[in-house]
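Consider the two complexes below, in which chain A is the common component and chain B and chain C are the respective partners.
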Partner chain A sequence: MTLVQIPTPPPLPVRDKTAGRALSPMLTRLAEERATGILVREHGTLYLAEGRVVHAESPFAPGLDVLLTAHGTLASAAWQRAAARASGPLRAAELLLDEGLLPAGALELCHLDAVYDAGYFTLAPSSTPGRFRYDNTPRVGPLPSVPVVALERETLRRRLLLHRLWPDPAADGAPLIRTDPARAAPVTPRQRAVLDRVDGVRTAVGIARNLGRQAFHTLVDVRRLAAAGHVTPLAPHPPEPRVTAPSPLPPPPVTDPDIALLKRLRDALEAL
Partner chain B sequence: MPGIDECLLAAMRLPGARGAALVDWTSGLALGTVGDAPGGDHETTAAEAAELARMAAEHGAFAARSDDGRPPVEDVIVSNHDSYHLLRFVDTSFDSSVFLHLWLGREEGNLALARIRLGEMAARLVLG
Partner chain C sequence: MANTETALKEALTSVEGATGVALVDYTSGMALGTLGGSKSFDMNVAAAGNTDVIRAKMRTMEMLGLKGEIEDVLITLSDQYHLIRLLKSRGGNGLFLYLVLDSSRANLAMARHQLKKIEQELEI
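Right, the complex of A and B next:
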């Protein structure tokens, strides 16, 4: 009897250290010169201090405030009090740490989760060039920071992970609808929480915010649910309105060699 | 109150400890590492350990009978002829998918003690 209940997803990718790819020459330069300042890109913002990412924000990733308050780890009022006294979310988190309102481990963990999550979207291919502003406000504080190169590597690894799970990125940004798979593969408890929120209106990012869960974690489950035939994007290839999440990978291969070449060229130019 | 590094350093003080890491099992990312890794590479170890942790966490066969909001599995233990690997799921009040991974030499290590201590460390990490 062979009853494989849950389709096993492909193995988690391990970075190819020999590849030496970089997401953008600008990031490489900022890392080399240990720059301090603010990098504003189309899909998010990185705060750098001495070449390390101390904070990241993206409209596609729930912030530290959402992650901490969604499940009652921290009362919303406590966050608002700290935010009102601080110059930004990172300072607010440091205040919480100072005052012992949260265990250091919990806060560090949530902060790192939020940095990698927002960083993933910030470093997604964009249609406009990023802008870096030298600014001595960001500094390495008590909360952990991440070297720019480490964030870059992890972002590339995450793209590969999503691609291996289900190569079509259409489900990342479009409103999702449920579908009835021919053979109903069971879903895991964390996937069930995502599936329960698929209503034809919410996107993966909306579901993440509703769940108080990292957006990338939600994308992993959405791609797995798409691969298993449980969900599908409402419109397979919607136009690019501002509200959709960035497609981290080029669209599926096109048969016309000229179009494929043009798309590769466009992607390469965007990556500059 | 201990942070991630303090927690990992405390795990390294257990007899026989060779290396420790805090790993996210959804992405396979090591959020903190200390000591050695099998094969010398913490990143590869984290991705492989994350596979194992995810399988244990997601397959109903290994889950506790009662669903009271705690992680379905407490820990995963792997032994080979010269070492133990102990994966301890961290029960956070916010949404996450992390575990502590302790690599323990078999000669000097005490698996029962390490399992109890790692459980306490996982709790202290997020509860203070």
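Right, the complex of A and C next:
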């Protein structure tokens, strides 16, 4: 009888779970190869220099110009003059720094705020693949740059934070309307400013731009307000009333204030 | 006006007994800059956690209808002091400085005074 040696079978291919959790595998790869260029995704653009994020832009997040000029850190005329001479917002900011019109600390903080804010929206789940263009224009300048892993970690943390506050993301993109909560929870001054701008037309992003605040911070306020029952998103498509269908009897008028609370509870449970 | 790194460095070197410092955005809980700390004391985690402290205090003040603003918050542990100072700014930037002190070496009044000075230099 001969002993047959059965070779151990090759290991089955297993999907790498850690790779699947990256926000953008392409971005991770670009960071590893220390690429320089521009990554365009569905909801925003990241500027990479030697694998680090030097600048980020998103149509959802107010830019550096808005953050700098909204609260009097910088006169808007000074910004416009610099922007006319520079090729982009980052160059304009560096120009202002060189001329001494802008304190270094204020610029640094606004820049970091803008990068993390735009980065959050840029790394949001997208329906189309991102494109990367190798380009030598982005470079590590005097302003702080952010490692890709730090931006990804922060984006994930922000997503979790929003989810913890109020799990329904509907309030993020839709126009907002005010509701009267049965028992009004106290509103902080920051939230009050947001609440004052809820008019049935503006979205959270529009309110952020109007206030000159970061968009993510406004989302935090909006989700808190939604959780407290102060605001609710306007339904995107109100159903067209059909003339032919026999109209059902209108529900009896309800005055019980607990209905609002129950509705919010139902929404929250559904969103879980 | 100092930049973030200079301000943090100054806090860590000039304040007696300082072992870690962070500049934190309390809306998102993100540390915009950290310095010091150790393997067992992650400044980023401390920054995010203390955000909840500030928020809770603000909410309580709101409920009580207090009009004053928080200048600083002091937490004393058996071997450490944690000093939190809110940055005053025109635009409601929502930032605070977070300083960790070794209680055996620190002078609390002096640390508070110095942190106030650093905050003024960093004012936006």
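Convention: the second predicted complex is superposed on the first by the 214 of 272 C-alpha atoms of A that agree within 3 Å, B and C clash if a C-alpha of one lies under 4 Å from a C-alpha of the other, contacts with A are read in each partner's own complex, and residues count from 1 in each chain.
In this section, a residue touches a chain if its C-beta (ideal position, glycine included) is under 8 Å from a C-beta of that chain, and two chains touch if they have at least 3 such contacts.
These figures come from a predicted structure and were not determined experimentally.
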Superposition on chain A - do chain B and chain C clash or fit: clash
Chain B versus chain C as contact partner of A:Ala70, first or second or both or neither: both
Touching partner for A:Pro11 - first (chain B), second (chain C), both, neither: first
Winner by number of chain A residues touched, once chain B and chain C are compared: B
Partner chain in contact with A:Pro103 - chain B first, chain C second, else both or neither: both
Touched partner set for A:His217, first chain B, second chain C, both or neither: both
First, second, both or neither for A:Arg190, with chain B first and chain C second: both
First, second, both or neither for A:Arg158, with chain B first and chain C second: both
Footprint overlap on chain A, comparing chain B with chain C: 70-73, 103-106, 108-110, 112-113, 116, 144, 154, 157-158, 161, 188-190, 212-214, 216-217, 220
Parts of chain A lying in touch with chain C, wherever the complex brings them together: 70-73, 103-106, 108-110, 112-113, 116, 144, 154, 157-158, 161, 186-190, 193, 212-214, 216-217, 220-221
Residue ranges of chain B touching chain A (in the complex, touch as defined): 1-4, 6-7, 22, 24, 26-29, 31-32, 43-44, 47-48, 50-51, 55, 58-60, 72, 90, 92-98, 124-128
For the chain A and chain B complex, residues of the former touching the latter: 5-6, 8, 11-15, 67-68, 70-73, 100, 102-106, 108-110, 112-113, 116, 144, 154, 157-158, 161, 188-190, 211-214, 216-217, 220
Of chain C, residues touching chain A in the complex: 1-4, 6-7, 23, 25, 27-30, 32, 48, 58-59, 62-63, 89-95, 121-122, 124
